[in-house]
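Shared between the two complexes below is chain A, which has chain B as its partner in the first and chain C in the second.
Our next item is the complex of A and B:
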């Protein structure tokens, strides 16, 4: 290696001078963003940042977090101008939440935000996108008795929502994927703040439909459950049911679920086959019969099946009124590309005519430690 | 008569038959040094003679009872011996020393005397008798100080070459074990032995080592380290390609695998040639202990090596460049710790890396009693107060401590890991994660090009030798390793493991 080349290599090393280096004490760690609309129609971005010293030292004199609010004409300006109110540079990679107010999603639309998230390198693509009917900044600033940072608590609520499957978890990446693959409607998670007598409360259930970039409608819990069933996102949850005979009550917990919707094209007519394999256990029951009696079981299975089916039907009915948020068009497009090419234009008219068949297979894997009602 | 006449080399000069002039010449050559003993006397009642030896290098008992007593007492007892038969008479009948050789060349005689033999010069004879009488005091064989073991032999080499060769000879009782003697050093004339097992070590490896050692042209050799530096082919590499050990059992095992050893008189460290990368992670105890735990420990060593070279670099990357890789909770803790520290992380880490190297050097060079004091001042006072005074953040202390501890796990790799750590850190400090990756690639490329003595340094990983992997990241049971390492020949080393008797119904 010649002397010149060696010198050049050395210069490369030295002259770069720690390019791109940003030390931790020059950063303001953003953990949540809330987006609202002001009365005069501007965008209000609320950025939640951490106060590390209060968090680690248990120093209760200072607030563990701060909310920086900035108002501007556009979303990017609002987020960028938040820096004006912060001593350090705002650092977005640890942001896990963006909460939209319903108003924001109606008037400004979510596309500016998703474009920023996907385009710039700092924000995570797996941040959760949520919608609230109230003020996003208000939800973001909720005090939780369980922990100091609201964003962390809300993130935890979102992450543990799989337990009941009555809410949906949507990340920016899911949303972008839907937009890219022409799924017209995306379901966002819905978060609501209610003020009770004993304090503030956050509920995370149901969902919100966003058509392309704008708010469309809310989903009820049942509809959201149906949505989760039909898109294979149902994790665990309860089927609480009562037979006609009020003495026979039981609660079935779904532990494992494998459900799939597949379109079938027969003689030019489209049907959707919903195939669901569910296994679970009975976690509570009130019955005069013993579970050891095999004759009782078919009845139980049927009751569970009905419960699941009614959830699914609720979602399908909703989809008939609002539009296809179940991603059925995408399924057809993948399986029957030629059919899709011919009928893409008229899809909104065609799909409500398609019928659904349900094939639900239930396996009860356990009845718990006791086998009859005490 | 001046010995330093021009033209005739002093080295080639032979003895004359005049004792007096011979002694004059020798005295002049030896510069009348104070430790030279010349004792003149009469033998067989008629002939003048003299012995020549170096005080302190000879075994006085041998000189007294095997040389002087026969010469002075018994030779004057009455037998008349013809003058021309005196030398033969002394050699065959009188002197009881174990080894006697004749020598005529003055320089050679002097070399022998300076090595501890006794020379007997006889008047009217132009040949001297060299009587083996070496006996100088040496350090006793002690426990190894830098290669401590819990299990296994506890003797270590000393500074005396012959003791060292005897230690090897006792381990490998085989006529094919060869000690090839070479004298090196134009001034010091140090004895060097090349050790190998004939038929086991690859012939071209032995030849290459022999050639390189014989071509060494230097005034003095004081340690095997000189030889290592003079014969290695990658002198500027951070990686040593020859190994050293102070344990005879380690050297014996290496020789038995087909390596070549080098022993130097005056050095308690033996060289083993070549050293492969994986050997740095092997210790003798791996083989003496049972394989499961040995394998576990060996994996720990590999992990420690990686931690030791990469942790400052990774810390800088996480704190200064890719903070998004940290979990949020940890980031908060880090952010709190570095809040209020005056320097950027790069400077902090540089300071602390420098600090541990200084601390180590101080600890190593200090006399034993002061050592703990250095440790206390260094670790407690400096480490603790550096944090509390706000110079550095607390997580960095953990990182640096981890670096230091892991680098001590493999003492033979300390040099390499210290240099690599700095390289990786520098690149990471300038370029972030790209720097870490590119510098690691650079190091790997360099490792792949090393071929000490024609044997790939990274063998058996690059090139891959499936068979030899049994003794790389894990240490497979002994009977799995039926062959020696392929890079060193790969001959069969053992057969099957003796198995317990078949289970019988009744005993």
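Our next item is the complex of A and C:
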């Protein structure tokens, strides 16, 4: 082969890479999506994109983000048609979250959105999925004093929610895995926008139950805490309770824990064993005197245990009315496959008759850096 | 020109990279989900048995390839016909590897690039390397194996945070028929495909040395394959059978403090290197087979036209991964078992009979 031909072949290989280029300034970087339903029942997709020029030039006249709205019959069309209102192509790999309005989850269902996330190459599978009782576009457009991009701030709220464990964190992948495992109900994180006297506020607490594809009900903070305990997702949080004899209010901070539910099958009877190990510290007490008396601690342990147990029971009671969102069926399917095969059809009738036993161990591992109360 | 010498490491690497080739991306026995590892272990057991037969066959005439042995066993006419059957199989295998490669690129990385462009470029590089002979491929295999091992281990370490041991429960499968059925598939793809090496065994060295290294390479591939399958199951759970490329999907879930993400690019690079080596080895064996069967002086002038046929067939026969999977599950395993097991055993038995008769 002559040198000229070799060179030409090399140029073909090198230069063809440019034909389909997309420069960064020709992309609209999507960071959040909100999904609502219009009055005539169509889908309204709100896509939040970055406005980098505002961020880099310190140009306070323009917003650092923009929201593009698009209405269509189906989700994929709505997201696609959003490009009609954008000068540049919408680019999804940096999208952090999808917020569903309750109405959307009730009428259109959440599954085709997750199908799009899992099937196409641009969206990330670990994006957060949330639900709101109001307008998703409204939540998405909330201004935060802490940062210029609402989607980034909401993402941070979700990431730091482990501090209280009163909410739950669900990604598109978690939901897809639940659907693949035939887990009937998935719990989404619940986000709400409220208007207070000092401005708009976002609260991220509680949860929302999605039965396969559609909205079912909400979980309260206590029920969500119970859900987190029973599914091993509880991270850290507080137990605010009172001592039995003196009725002194005190606060216990949970620092570490390990919680697990195991199904037990004895003589054909199904029960669930909840084993929880908790370690934490007392951070608030009425008086220093009671804190400095270790003999009084066993009394504290008992009420902390009751506090945790009541959270768990709240979640179990809720599951009795809504269906098995605790994944108990999945536990039985994995541990007792034969029993599951025989009873799968009647599971929703069987499991509410199963009793729960609680084995909760609390360890107080300190009182913090000071041993008196201010 | 001095005959190329292959080191032990090069043979081990070539075998390991060949077996890992496409399995690094498409888990063998994937539709079994958590029980895929059982199929892999059973298929490996069968493969070791077959490897023993391959060894016995190679020892009958140490310097001869499967093509020469077929002619010795069945005579010129029948031997040539059997060789043509082998050549078609080697061709189909090369097409499958190229199609796997192209389907992956066109599904995940270069969505809008026509598949003919991707397959032509791959085949051009493969053809170029095959023209250069086996030695450069063997040298490159060592580097690719190291890269593969580093990628497999580092991706596994980066994703341990979301491992869930419960994904393996229940431990004992209820449907052993499905596992045995899949064992058959896993044997045909990838283990049985090692028959390709019988097309150029004499080039690698003496059977004793070669088979010792082939066994080592196979065990190495098995360990890495199991590591990949265990990792994917621990991460994906019941979602695993729904994914087209489980390792790629697993790597996409790596997210360390929102900083280390998008690690799937390493899996893609890994597959591109492994796929290239595997396609080159199958293509090399095909070209050598054509040379021997049709008594040509050299195979080098065949490389480009056969390469064009491979690219065209990959484009026409397997335009998407669905056709590829369908062909693998519904047809390939029944078809591949003929050259991988039946014909090899037949050749061995006939040659053994002939040798013993001659000795009497």
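Rule of thumb we're sticking to: the second predicted complex is superposed on the first by the 339 of 374 C-alpha atoms of A that agree within 3 Å, B and C clash if a C-alpha of one lies under 4 Å from a C-alpha of the other, contacts with A are read in each partner's own complex, and residues count from 1 in each chain.
Heads up, the rule we're going with is that a contact is a pair of C-beta atoms (placed from the backbone, for glycine too) under 8 Å apart; a residue touches a chain by one contact, two chains touch by 3 or more.
Predicted, not measured: the structure shown is a model, and the values here were computed from it.
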Contacts of A:291 with chain B and chain C, given as first, second, both or neither: neither
Count the residues of chain A touched by chain B and by chain C, then name the partner with the higher count. B
Output check: A:29 vs chain B and chain C. Expected answer is one of first, second, both, neither. What do you get? first
By the touch definition at the top of the document, which applies to A:360: first (chain B), second (chain C), both, or neither? neither
After the superposition on A, what does A:181 contact: first (chain B), second (chain C), both or neither? second
With the two complexes superposed on chain A, say which partner A:172 touches: chain B (first), chain C (second), both, or neither. neither
Contacts of A:13 with chain B and chain C, given as first, second, both or neither: both
After superposition on the shared chain, which partner residues are touched by A:334: those of chain B (first), chain C (second), both, or neither? second
Common interface residues of chain A - those touching chain B in one complex and chain C in the other: 13, 20, 93, 124
Please name which positions on chain A make contact with chain C in the complex. 13, 20, 93, 121, 124-126, 159, 173, 176-177, 180-182, 334-335, 337-338, 341
Going by the contact rule at the top, pick out the chain B residues touching chain A in the complex. 319-321, 323-324, 328, 331-341, 344-346, 426-427, 429-432
Please name which positions on chain A make contact with chain B in the complex. 13-14, 16-25, 27, 29, 31, 50, 52-53, 55-57, 91, 93-94, 96, 122, 124, 152
Please output the residues of chain C touching chain A within their complex, sorted ascending. 107-109, 111-113, 121, 166, 169-170, 174, 236-239, 241-242, 249, 252-253, 255, 258, 261-262
